[in-house]
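What follows are several structures.
Heads up, the next two complexes both have subunit A, just with different partners, subunit B and then subunit C.
On to the complex of A and B.
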């Protein structure tokens, strides 16, 4: 029960269906990938403990269903969250266009009092790409997103990096992040490794 | 007394709790909560209700102990030695599993097992005596019982004879163990035969009902509640769900008409341009419908399900296609498909591409209409804001407060909201928690209940949650959530499902319509 003392941070994953929200979380949690996850119904929950410096936090991840019909459930989860990760599929222009709507939903519930991350998933699908990296970056900037990344859950590309960046924004680690600045290597996170090489992208 | 002891031994584990340890563990805990429930109920209604209640329990547990062999007598709530000793009750004891026979090889286990049995029996008594008098159980299928008894009567003499000599051998010779094993095997064989007979007789009784010119649905429902034999399931389901009329004269015509109607519908909707949103939605969900089961990886299966779901969605614009409906489609598909498999391939491995177009059309049409009927009863689960599900979630919450107050308190303290874990239970009818095979067994009962999918299901969910009560009460928020999203049901068999259904039946008979005055 001593675990209860850990600081807990809620992170909600949003976005159109089939952009890979569940895959992203599963890759982070278990470092596995499966192309056939059953569709998420309502909301799924996962929890992971992260270590950084001498501190430990617990991330509570809320994985929402993309389908329209389940939308009425989502606002209450957004309301509770510190971080909103909005995912689109780089091979689906539509999922990118609908980002605006998701961001608006988040701002309605949380105002500016939330960390917004924008993630373009499936960047392994180079032949089918419909959204450029630049467009993604521009959109992230326009909406004041703190984090923007392209990822591939399939290849495991940038996934750990994403969660590391998210952790850095949490009050618990913010100070540590600033003092260490370039110090990605200072992260003593057993789950987050080899990320330095992938850090080349916009940090906004 | 030796004899009694032997009897107890032989039937101890088979006495309905199954060999599965989770079952053994959950029965007493159920009783614990049950007795609590009785106490609570007692405060409200006095003895008038009590008699009915205990009858219900008798029914339920008799079903529970019989598993798929509801032919034998119900579990004896007042276990006097006399009763145990008497031959008809010995034959009435349900299955002795093969696993059991191995245990006989090790005599050192003997006392432990008999202890176990006694313990449980004490529990029965303890609860029965708890302010309740009637010990007679009233099995659901009372009218079928005499018939069943006819078959095994002759057998039973032989069995009780062998039990006698078995007992003597044990007390006399030093070669106890050797004989014990042999005699037990003999006994085992007899038991198995008897079981076979019971199964066959069940199927025959079932067939008798189905062969009547006008099927008496109440009779069929009573039988179906306890599980439908596989070969008779397709027809039974079509009758129970109201797709086919009970009158056999009208059945062929109806089938013909409905199947044609389905084909017309398909031709019509696929002639015009596809409704893109719906089509896309279904298209992405099909490959992720039971992807681990071979049947669902075949092209023919996927195209069939696609057509069924698309037609249904277009014909029901108020809800349209909602994720989870794809899951609900699969039990029908699997059951109806199984009717056409000739070579004995398990349906889950079958490639439906081997069937003729005509046969596949039939399977599809029947699945479509059955799904339509099912969804008619739970329409408000899938319309905007899903009020049906919200209602069910709230009902579950209320129910748990009464059934297991401690658990409900604990969940509240940990800030676990019912909607967080039970939304999916309602939206997918627990299909994400149970295998398709187990779901099919569960639906036998749901189809036999008056409002199986909209009401009885809530009691099943309650039984499902309370099952893990002890574990959950030791956990904090995230562990509770993780546990409930991935409950340990992978190894579940039909028996586990039947226990769950029996427990649900108890909660329903205690709390249905009792909500108002307990609130």
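On to the complex of A and C.
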């Protein structure tokens, strides 16, 4: 297949420092987890071809630095992104509270032309949990996020599922992804997915 | 035989007890007696050497520096030759006689003999120095190590404690390159450095009991020496010397800041804390070797970063400073690392780590102009993927064709980290160190030169891939350019690949001067300032801070016209860029007089 015919989609990962953006991406790309990654400076860029059913897309993943001052650099690459994955850490209330700012940044730059996806990472840290699943869901609904999931990049939990859901929001896969009407109901039923999706049909 | 003289004593003496000269330690609170025992056993041909190294502390040291000298690393590396000492020892010794770094291993004599024929082989590594090879006549001021087998570092870790294998380089590639090429190069270069010192009548940094290290005066020759690499174990001293550390050093201030940081409660503290273990997770010295025991290096890193945040509130802590300090600490004491950070963030990379990162935008604008001038095909490609027709129309608003300086193309976010982290993580370690050598000697214009060199190499890669992909010639998309810019530099384990580009006289940018860079920065800052003003009028937030920094970067606001950004020649035509730039300086001077 000629690479130029392949549809390409930009996905930006945003969220506070240390919530696990790099880990999530690394889990998806290489299916590995290290307890430490070097901090991300500026942005990191990765791309991956994803197959779903008989269709193929190329995802561009943009990993960002979380420190506040880097935000001034970010708008230029949010600009033509299709999907914004905003990550918080379920064991950090603060990272959850700061979600609003990130979402606002995205909306300023992209208006409604972007699929917002909220992810509560590190859900393996059950003892340290500070943000409940319900709070996460509520926030996602309030912001009109199309996807909400809790993940653990450490255990690999829900990571593939996350990317599969993202793919399903893209035009190529829309038919497959449609699960009813518009709006909140498009939020895929997490509980069902949680129990089944470790492997799914995603052949990535 | 000649090679014996190359070995620093501490690396190969069978067993030595090093007492640290008290006067070198005066700036630190240290235990009154501290001895290092370095044991090496069972050295016989064809066998691995077993080494162990530990410090004995005869007295408790005082408070903040209490946990000096634990040789945790040795335990982990086993028979490896790597760390001879820990960071703290290193700091205490101010890089004399003890080193974190394993030097060269011991070369065998064949390698030495070959060397005669190697002159002029490659540009950066081997091109000729005038000195004849007369080891026998010279008496370098370091002790003769005993004869031993060539030491080959078979471990997973390199001589600085970094894991050899990365996502871009296999250990095998690393070992092959290091043993066959770089180690001989390093040995050869060190011998030349020793000769250079001896000719200049100076004692080398290896000299025992030397109170103050001096380097030869700057010259074209010394610059060439630096470009070919400073001996690893001299780097700490050399960087300090060339960056003029003594000029900024305020005796005792660092210690004071460390004490004061005890009650520092900025929000940066949390950010620093989270980055400590994410600095060099792949380096032995930064890794916890024992559950719950924090490595010395991590503690040093924390102290320096917090002290700096306290000292320089306009920067505080910015991610990437952790890498810079981390690398410095492998080569010098905490105090010196601190002052080097002051120099790097203030003089060498102005504004790059400030709260609004405006210096990043300026540096990337400068790079764009550099590309436009010297690597035009890359400039065009970046423009093509970054701006569509519409945004080019936007340009009409300011009407000057410099919209790309106001809205830095997203690709340049990748190259931003080249500057912010001074190539740590963007280039392999040994290559990064070579860049650092030159940066301190040649000033920040070297950052531009090396970036342009990288783009030259990337350009070649693109051409190569385009011709192999036959029909789709110009069809290289944003993603591919992005990944090349981001990933290709990581594969450059052999510094000569990169340094050959800069050594090639064809590349006119080699003639750029620091003045050219300063001018260009000012030009970009001014262009960006126009934008900020506009944005401010449109009442967009965030414009005011940008403005302040731009103002600061802009010394003479009215001076700059479009033709004057520093390195715009009527290109091609083989015109000498140096001459042209002189020309420009004249014009500028004349204008300034008016």
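The rule is short, and it goes like this: the second predicted complex is superposed on the first by the 177 of 204 C-alpha atoms of A that agree within 3 Å, B and C clash if a C-alpha of one lies under 4 Å from a C-alpha of the other, contacts with A are read in each partner's own complex, and residues count from 1 in each chain.
Rule of thumb we're sticking to: contacts are C-beta pairs under 8 Å (C-beta built on N, C-alpha and C of every residue); 3 or more make two chains touch, one makes a residue touch a chain.
If you're wondering where the values come from, they're calculated on a predicted model, not measured in any experiment.
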Partner with the higher number of touched subunit A residues, subunit C or subunit B: C
Is A:18 touching anything from subunit B or subunit C once the two structures are fitted on A? First, second, both or neither. both
Taking the superposition on A as described, I'd like to know which of subunit B and subunit C A:155 touches: first, second, both or neither. neither
One more residue to check, A:39. First (subunit B), second (subunit C), both or neither? both
First, second, both or neither for A:47, with subunit B first and subunit C second: both
Answer with first, second, both or neither: which of subunit B and subunit C does A:58 touch in the superposed model? both
Contacts for A:69 in the overlay, against subunit B (first) and subunit C (second): which applies, first, second, both or neither? both
Subunit B and subunit C contact sites that coincide on subunit A, given as residue numbers: 3-4, 17-18, 36-39, 41-47, 58, 60, 65, 67, 69-70, 72-73
If you look only at subunit A, which of its residues touch subunit C in the complex? 2-4, 8, 17-18, 34-47, 58, 60, 65, 67, 69-70, 72-73, 76-77, 79
Name, in rising order, each residue of subunit C that touches subunit A in their complex. 271, 274-275, 277-282, 318-320, 322-323, 355-357, 360-361, 407-410, 413-414, 416-417, 420-421, 425, 472, 475, 477, 479, 482-483, 486, 542
In their complex, what parts of subunit A are in touch with subunit B? 1, 3-4, 17-18, 36-39, 41-47, 58, 60, 65, 67, 69-70, 72-73
Residues of subunit B touching subunit A in their complex? 281, 284-285, 287-289, 291, 319-320, 322-324, 326, 382, 384-386, 419-420, 423-424, 427-428, 432, 476, 478, 481-482, 485
